[in-house]
Every structure is written in C-alpha cells, then in structure tokens.
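First chain written, first letter: the chains are A, B, C and D, and each begins at residue 1.
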Amino acid sequence: MIVEMRKNATPEEINGVVQKAKSLGLGTQLNVGTDKTVVALLGSNTGQLSTDIFAVLPGVENVARIMKPYKLASREFKPQDSVVSVSGIEIGSKQIVVMAGPCAVENEEQLMKAATAVKEGGACILRGGAFKPRTSPFSFQGLEKAGLELLARAREQFNIPVVTEVVDAHDVSLVSKYADILQVGSRNMQNFALLTALGKSKHPVLLKRGFSCTVAEWLTAADYLLAEGNNQVILCERGIRTFEPSTRFSLDVCSIPVIKRSSHLPLIVDPSHAAGHYALVPAIAKAAIAAGADGLLIEVHPNPKEALVDGLQSLTPSDFARLMKELRLVAKSVGRYI
Amino acid sequence: MIVEMRKNATPEEINGVVQKAKSLGLGTQLNVGTDKTVVALLGSNTGQLSTDIFAVLPGVENVARIMKPYKLASREFKPQDSVVSVSGIEIGSKQIVVMAGPCAVENEEQLMKAATAVKEGGACILRGGAFKPRTSPFSFQGLEKAGLELLARAREQFNIPVVTEVVDAHDVSLVSKYADILQVGSRNMQNFALLTALGKSKHPVLLKRGFSCTVAEWLTAADYLLAEGNNQVILCERGIRTFEPSTRFSLDVCSIPVIKRSSHLPLIVDPSHAAGHYALVPAIAKAAIAAGADGLLIEVHPNPKEALVDGLQSLTPSDFARLMKELRLVAKSVGRYI
Amino acid sequence: MIVEMRKNATPEEINGVVQKAKSLGLGTQLNVGTDKTVVALLGSNTGQLSTDIFAVLPGVENVARIMKPYKLASREFKPQDSVVSVSGIEIGSKQIVVMAGPCAVENEEQLMKAATAVKEGGACILRGGAFKPRTSPFSFQGLEKAGLELLARAREQFNIPVVTEVVDAHDVSLVSKYADILQVGSRNMQNFALLTALGKSKHPVLLKRGFSCTVAEWLTAADYLLAEGNNQVILCERGIRTFEPSTRFSLDVCSIPVIKRSSHLPLIVDPSHAAGHYALVPAIAKAAIAAGADGLLIEVHPNPKEALVDGLQSLTPSDFARLMKELRLVAKSVGRYI
Amino acid sequence: MIVEMRKNATPEEINGVVQKAKSLGLGTQLNVGTDKTVVALLGSNTGQLSTDIFAVLPGVENVARIMKPYKLASREFKPQDSVVSVSGIEIGSKQIVVMAGPCAVENEEQLMKAATAVKEGGACILRGGAFKPRTSPFSFQGLEKAGLELLARAREQFNIPVVTEVVDAHDVSLVSKYADILQVGSRNMQNFALLTALGKSKHPVLLKRGFSCTVAEWLTAADYLLAEGNNQVILCERGIRTFEPSTRFSLDVCSIPVIKRSSHLPLIVDPSHAAGHYALVPAIAKAAIAAGADGLLIEVHPNPKEALVDGLQSLTPSDFARLMKELRLVAKSVGRYI
C-alpha cells in the first residue's frame, strides 16, 4: 500500500502514518520527493487491509493499493489451474464443458424434452432453475422443491449431472441433495450469508459474476467460498451492466483473459443472459470459446414461444444442435474439444 | 405494450401476435403503417407481463413497454405521499429526518459516544450496523447479536429510535426485537427471499437502492414489500456505480425528483456511502435536501481514525454538529425544517 | 412513434397530439385502453423526428420511438452486405482483413521495421498515426505532415495500403493524398464537422465507435457520411467505457452480432485499445473473429519498450506473427480466411 | 509513480526499471517487500508521463500513478480560486451567475422573447446556440452565422453578455466577434484541435464535461486551454452517461465538491441537459447551488412546444421566473446571492 502525503504535510503527520503502520505490524519506507513524501507500507497481507485506515489520517492526500484484495482465488497463491470434477467431467481441462437447459423448470414434459435436446446436442451438464429470483413479485417464482425433484428425475433418466440455483443460505443442504453443482446467481454474488453457507457445504459451486461487480470483487467473493474450505469453485461471466441498450447486458469478453492471468479457477460463460436474444447467442458463445473460456451455460427450451421465463434468449433444440456443431470447430481451432 | 412487426411480416405472423394476446386476456389494436405494422396490446396489467412473451414470436422486430413494471409503489396507484411513522417521527412529512451514527457498532464506548454526538447534533434516529456485509471474508464482519444488544441499550438511554441492517431472511424476527427500522443494504436490494420476509414482518423498512439498479427496478423491489402488506417503506438513494473513479459511487441526484414524480414513498439520501470521503459529505447532504429528499443517513464516528469500517467517510462529532447547522438553513430555504 | 397519454388526459390534450402530428404530415391511430389512451404516429420518417416534439405537449406521459434513429446505415434500407474495396482488398467479404502497425509514426526506422513485421505476419493494411489526439497537452502529439510522408514511403516500399487518423475537417484533403483509408477516432465519432467533410471526400473512412456511444448513435454518425454520398464506410468497435478497471475499456463483443443484424456496413475490431495490455490482445482478437467481425486493427511496434505512445498495448513482431497463425485457424473454423 | 514488480522478478528486471527511470531524469527508491519489490519513481513531472513506459518492461506487474495527470488546472498549482470576469460579471465569486436562454437560436422573435424572459427573471448572461452539433444529419443544424448576428443584436438590445457554442477550430475567430463566452460542447471536450485554437484566442471559454469523461480527463482538457495561455476558463458539469434510463444523463453532483477541492477554476452546472425534462430542472438546479456550484446554465424558451431543439427540457418564462425566486433562497442559505 502506498500512502501519498499532501504537498505540505508536516513531519508529525508523516510520523502519524508510520506509527499507524507499525501498530498494524507493517514495515514502512519513506520516499521524500521534490514535491511530496510518499510512504510505502510493506507486509504480506496489505491487500486485506482497508485503505481507509490510512486515508483518514491528517496530511494524507491519497492511498493506493498495490496488493490485490483477493488472495485464495489468485494465481499468485496457486499458480497451476484448478480443475473441478463433477461426475467425471473435468471443468477447467482441455474439454469445453457445455451446460444447457431451460431457464426455469416448468413441468415434467418441458424438462424431459429439454434434457433430450441437451443430451443429443452433446452438452454434458443439464441446467434448470427451481428457485427463480424475479425482479417483480408478480412474476413466476419457480416450482421450488417440486422443481428440484423433476431435476433429479431428469438426472437419473438421462445420466447427466445437474446445476441449479440456490437463493437462500438455509436451502443449501436441501438443494445439495438434488443437484451436482449449486449456482449462485448474479444478484447474490455478494450475498455473504449464502457464500459462507456454500463454502461450508463443500459442494461444487458455480459463482456468477454480479452484473455490476468488478473482476476483483468477483474473485474476492470467491475467497468467501475458498476461505471456508470449498475449493470446488467455477466462475461464470454473464455480462455487465453498461449504458448500451441494444443487449440486455454487455458481455465482458476482456474478463476472460484477465481472469486466466489473475486466477487459477475455471471460468465458463453464459451468452444467453448477456445477449437477452436468441439470435445473438451463437456469435457470443463462439467468442467466449475463442477467448479461452472453459465452458458455456446456454439456455435451451423445447418451445421458447411458450416459456414462462426468458423465452427470448432460449435456443430451440434444433438451433442448439446446429450451434454445438459450430462450437466444436471453434474449440478445435484453439486446441480444445467439446 | 407495443409490438412492432418486421418490415415484411406476414398476415399469419401478425395474427400470431393477436392470438397470443387474446390467450392472455388482452385487447389488441393494429396500426398498419406505410412500412410496418404495429400491434398495441391493451389491458390493465401489461406492466407485469414480460416483453419476451411477444418478442419471441415469429415476425416480431421489437416490443416496447408502455406501462411501468412496478405497480404498488407508483404514484398512479396512490397519488398522495406516504408517511412512515417511527416512534412519533414522521418520515415523508415537512420535517427532514436525519439518521446518523457509526457504520459498524464496535463496542459500548464507541456507540454511546456516537449516540451522544448524534443526539446533540439534532439527529432523531440512530444508525449502527451489527451485521456487516463485507466484500472480503478477511474483513471485520460485525458484532452480530452483541451489536444489537448495544443498539437497544443506546436506544433506551438516549430515547432515540434505531435503524440497523438485516442481511438474512431468517434474522428478520431477531433484528425486529432490537430495531425500529430494518435496513436492506444495497447488495441485497434484489435478495427477494429477504424482501418477502420483511414484507411479512410489517416492521418499517429502509430499502437502499442497489448500486447498479435502475429506479424502475428499485420501485419494483419495493413492490415485493408492499405486495406482502408492509407499507412502511422508506427508500434510500446511496449512489450508483459509474466510470468516475474520484468518488466511491456517483450520487444520482436526478433520482430524487424522478422518484417524487413516480412514487408516493418517502425518500432519504445517504451521502456518506456515495462520496466515500468525509470532506465531500456536507456538499452532497445539502444538495440532497435542496433537491427534495425527505431525510439523510449520515455516518458519524467519535474517532474516525480508529474506526474498524469506513472511517474515511465518517464525520467527527464536531463536523456533524457544524453540518447540522448548515442543513437547517438549506432545509428552511426549501420550506422544510430539521 | 408511440405517445402515451397520462391517466386522466382530457380529450383536448389527446386532440393536441393528433393535431401536432397532422401538422407534421403524420398519420395517427388512437388506442383507448382501460387506463390510458395511446396515440400511434404513422409515417415513414418518424425515426428522424425528435420525441421531444410530442413529449412536451400537455397530458403526455411518455413518448417511445419505434423506428430507429439511423436510416442509411440500416439493413432495412440496404439488406445486402456492403463491401469496401481498398486497392483490391475487399473489407466485408469472406476474407478477414488485418490492419496492423504502430499507434504513432515515430521515425523512419521504426515505421519501416513495423511495416516489415506487419507484411511478414500477413496483414494487408498498414496502420500508423501522424496526428495524435492526446488526453494531455504535455504528451507527444504526432509527427503530423512528416508522419504522413513516412507513411506514403512505407506504402510504396511495401506495396501496402495505409490507414491513418484525421482529426480536423480542414485536414481531410491533405490526409487523403497520403492515405488509403481515413480513420475517425473514438473521441471524434460525434465531431459532425469532421464527419461532413469526410462524407464529401468519397475516400474510404474507418469510423471508430465513440467509447461511450450506443450502437444506435454510432450508426447515426455513419449516416452523416452516407448522407453526403460517401458509402465507403467501415465501422470499428474498440471498447466502451464501463466501471471495470482491469482493462482500459471493455470490448462490447455483443455489438458484433447486433451490428451484423442492424446494418449492412463492414465491421472490424480493435482489440489493442480495448484491452490496453498486449497480453490480452490475442484472446480478444480471436473472440472478435469468432463473433463475426470482418477484420482487426492491431497495434504492432518493433520495440514496444521504446514506444512513445501506447507501448503497453503493442505486440512485438514475433508475438504478432504467432497471433496471425492462431487467427488463421479461428477464421477457418467460422468459414473465413485471412 | 509506483512500479510494482512481479513476485519473482529478477534483479536484472528491477534494474531495467531503475535504468529507464534514470534515462528520463527521474530519481528512484526501492522497497523490497516480503513478497515483491516496489520501485518508487521520484520527480516533479511524473504526472505527465505515461504509465505505459514502465508497464511494458519485463518483470513489471503494475504501475500506479500518484501524481495527477493534470497540472495547470490543479489547486496544488494555484491554491486560490480563479475568477473569470465577463463584462463586469465575476464568475467564481460570491455571486451565483445564471446563464439562460434557448438551446438553439431559431429566429429573431423567439430570441428576443427569450432574452426578455431571461433578463426579467434575473439571469445575467444569455445563452443560445447558432452552431448545433446534432446526433442525426437529418436534424436542424442551427442558423450558423445568421444566428450569431441575432445573438449580437440581443446582446446590444438587452445589454447582456452572450455565451454560444463553437464546434470547429476554424470558427473561433468568427464566433469571438459575436460572443462574450465561447462554449465547448460535451462531445468536443476532447477535440484537441478546437481546444488549442481556443487556448490561443484568450477569449473566455465555457468547457463542458464530456459525458463519459472523468473529472481528471476534464481538468486535463482544461490544461490544453491553460497551456496556451488562456486562463479565462469556466468548467460546466452537465451530467454523465450511466445505466439509468429515467433521465437523459445522470448529474454527477459529487463532482462539484471534488472539483472545488482539486481545481481553482470556477464551475457551473447545466441541469437542463442532465435531466432532459423541464419538470426535473428546478430540483437539480437547487441541488447544484447547495453543493457549491458557482452558477447555472438553464434552457429557457418562450414557447417550448414549438422549439426546434430540446423543447422538453426548456423552461417557460413563467417557470423560469418562479425558479429564480426559489434559487435566491437556496443561494442565501449557503452564504451566496444571485
């Protein structure tokens, strides 16, 4: 951490910073410039300290963080790639792992048809929401426990692992009985009660990026899971909120190489929620793989026109089958396979 | 809702939209333009329908929403201002209600000193966090139940109502025993499990705006509380995330008159979290009152240099006392009082 | 255009809207809903009318635009893809066109070495800045006319067309003498004096997206060029400004399929300015091609460590050669070639 | 400037940074931490150096800027407030200076009526656009020279100084003949050719903030004017682009105290362009004054319903007169007058 003093800071003010650092067990080094003095704070855990501790002291102009705020999720902490293994499927390996299915589980027929399409298209994990966090209280909220039971039935029938969202810390053990991967939705990325409960569960977790959270905040949220001893963490980029209105969100494709440099965790991409429109999904899915993502989370619905939730961004089974063929070519072009 | 068909949409495609509308109990009216056909959907609840239902149909170019997505929070639903009454203090009246105190309850001495400053300065509600949602798992997480007990002691000793945050749906009844107003933090504005629990509790709720949520999403979140029968809802603008790095967030001062036109709910402003720096708080607090806010939520700490959380944005007791004097003048200039 | 009246709008207010529409030569159609009246305005040029004209009338709640604000750049206006031909290179065809070179022309040796690398790597257009718009007046501002002469020399020596930026309407004819494509930088996308001059010149133009402009504003800026009769327009996505600090800008990869659906103009991508860091460029370049871009604009410098401008985002010749090999595979996987 | 080396940077890599610094005339100081080495670069002009120069060197992890990029506009460079004097009106003094008038000059009758309203309401500078930068080429582009002549007539008749926009470097001397203050619009804040020409003119300049530019970029743009010797610079905050759709832009009210701390230049606020709707203008105008702005730029039109440009955000003469009365009270409450 670097503390920049004001132009005319007094020796007492500079000493105040040094003493505060000592009281926290940090070393210090002074740079006396022509215009101002800069104090460097040295220690292995300055990334976890708040800059406010120093910014509030008299005579301080600014405090800049050098160490990153996240620790356990960083590649500096663990240089080699992490791989999360789910029923023999390795997420973070050379294989591109495609997870697909409907946004919400609606009924048995819909889910089984979707699972058929997903399996035939070559996806290896089935997605489907039983608990749905909806913007309006007047919208369909999901089948809840009945939805979980339908997912479990599809899992058995199609011999395919299942990923589904959990929205409340107190549902973690329930949902763990039915699902192979527990998804944290974008709006819950900083629901720390939920993260702590998931960290304790040791179940694989898919951590979606908050749609207005920085990469650093996202990896710090992953630290909540890792700090509780759960290292089965998969990151999922799903678009950020920007000023551009032509898509629902803007997929932050740059975050893919940034994460690959900064973190050891596997990373997948959800093109459906970013785009908000089925016609845009194929281009974004291909871009994600070309940029180095380890997998995709794609919405597929047997009949999008009748979907209760997010029909516009769902692919039909035939569109999905066509996309999978195209994705195999792109995966191969970057040395991977589906 | 307005459905715009593509340039060469067929009569069958147009009819598909009309039939879908009928199946949902909506009326329709066709506008056959020179270039394209537009279908207007008529009905009193189209604001609660997803645009996707129509956007996904063949031949549709775009769907625009005319009705707002929120209902119970809207001024169209209830034209006169709502007033939330807490121990005789009326939030949403001519009085500007100032809530002040430390970000986190740290210990008895700190809280009592803060309460003294808050009371002497003329604030009428004490704030203080017992459950702290923190970005990093390695940061101080709050005193939890012990913090609530300290707040209750301060409430009694200083005869001042208390507002504190609740972060988990399952803590609502516990926190309700100690606090007069339950605060929903920015990161939980779309934690619908929490909103539903608070809606059922009937306790006054302070609903902070999600730092990346639109005004419409914020009022739709208020609908969750109102739909469960809790009409003791206070909105709190606290800054939105933008590209500007010189402040922690950018206070959306325009949202104040927008909310006053669109909603009947009382609205207060938190200048401390928006600015992130104590030196900026007075200017923003004055702006909020001049723009029509019904109150303020301000961080005050007896010794910001030693604060465990957010020291940089906390006012000292003497700074707070000076600000309150200035705020009284601004309040008077817009026909209100503190 | 759709005019939504307020809940209790009077017949006189509704009639005011109708009369205003008639005075502008528009047809109208009324939708009398249960709650409110909606007036649809019909005519072929409503996309070019300001919504304010109606929003300001008494009794009006809101005005929504159905027609897009851009016209000549739209695919509705011209359904088939436009191809811009520069010295036999077809931009917007099956070939992915790579333009590469240094951010700024610094001296003859630097430019010739860069041109060698660009040519050997397989790029077919040389880029290089002679006029540099710099954020600070104390930064290097470019070699100006001397830079143009160096570019012309490289063009001749390496038999490669040249693209360079023009920053002032009065320089258009000068720069046209030396360059094959005139680039409009991100900060000038809405410099309408410059756009009008370029529109008149009939020279091929590379129109970079303003880093905070929407896709609709970008295509409307293209309309300035097209309206003057210059249809040699190439769009260039180069990243938008968001809250994410880990990259210089966030590449809006979703804009690629959006543009391909909305416009007939060819579109290339600049991964260098979006990323701001050479190590991120390859991933983003591959993503752009996989998503359907028609080309790339990449910064290459013979010695990035000594670059006067933007060294951090420049590739070395060997990195560029390696990337070109990888890009050929990705291009092939989506049915194209470099 | 602070250069953070990678965890395992070699002594050669660290020495490379030191040598580069020396070659630029900078001093260095090394901080050898437990995990990594940090090199502080010392010198009085590091704020004007690009961080890329060091970020590109081998072994470097990150480069952080301590010094601000702007210099002449900073309060460190000139601690006391600057006051810009226009025909005896002092902008940046205790007086709140209100500039008002129509967005565009349309004809003589409109301008004279507007000037009457502006003068009677108590504004002391008349605004009006002759050159209009419009998003679409099909919109009204302003009366140009004829508009300037009408402004000059109003200036004489009402004995009131005039502010108007200049959009092209080559128009500076023409517009200077007619106007007392030359306005740089938001889209031209980084039109460096225009800034340089205005810097040379020595005429007072009103520099609007680019709607997506940071405060630091804005003050760096002011440096372009100041560096050419023109210190008659007035800043104008007019709202930034964010994700919020309910207003045209989001007024960054926090920038007011930030600028007052960082810069000596006077600062006014344009509530009309931020809000985009006349009904929101009064609240935002009051907030701006309460937050410490030195003046306002407000759109007033004798008949907004017939305005050719931006009618929705224009006040009528009677609304303007009422607002001015309210603003006087707010100004007084913060120790100023109108």
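Brief remarks on what is shown
Just so we're on the same page, a contact is a pair of C-beta atoms (placed from the backbone, for glycine too) under 8 Å apart; a residue touches a chain by one contact, two chains touch by 3 or more.
Here the structure is a predicted model, which means the values were calculated and not measured.
The chains that touch chain C as well as chain D are A, B. Looking at B-D and B-C, the interface holding more C-beta pairs in contact is that of B-D. Taking the mean of the C-alpha atoms as each chain's centre, chain B and chain D sit 31 Å apart.
Mean C-alpha positions place chain A and chain B at a centre distance of 26 Å. Taking each chain's centre as the mean of its C-alpha atoms, chain B lies 38 Å from chain C. Contact with two or more other chains is made by residues 212, 241-243, 245 of chain B. Across the complex, chain C meets chain A through its residues 212, 214-216, 239-240, 242-247, 250-258, 260-262, 274-275, 279-280, 282-284, 286-292, 326, 329-330, 332-334.
Residues 2, 4, 7, 27, 29, 31, 33-35, 38, 40, 42-44, 62, 64, 66-67, 76, 241-243, 245 of chain B are the ones that touch chain C when the two sit in their complex. Residues of chain A that touch chain B in their complex: 45, 48, 50-53, 55-57, 69-71, 133-139, 141, 167-170, 187-188, 190-193, 195-196, 211-212, 217, 220-221, 223-224, 227-228, 241, 277-278, 304-305, 307, 309-314.
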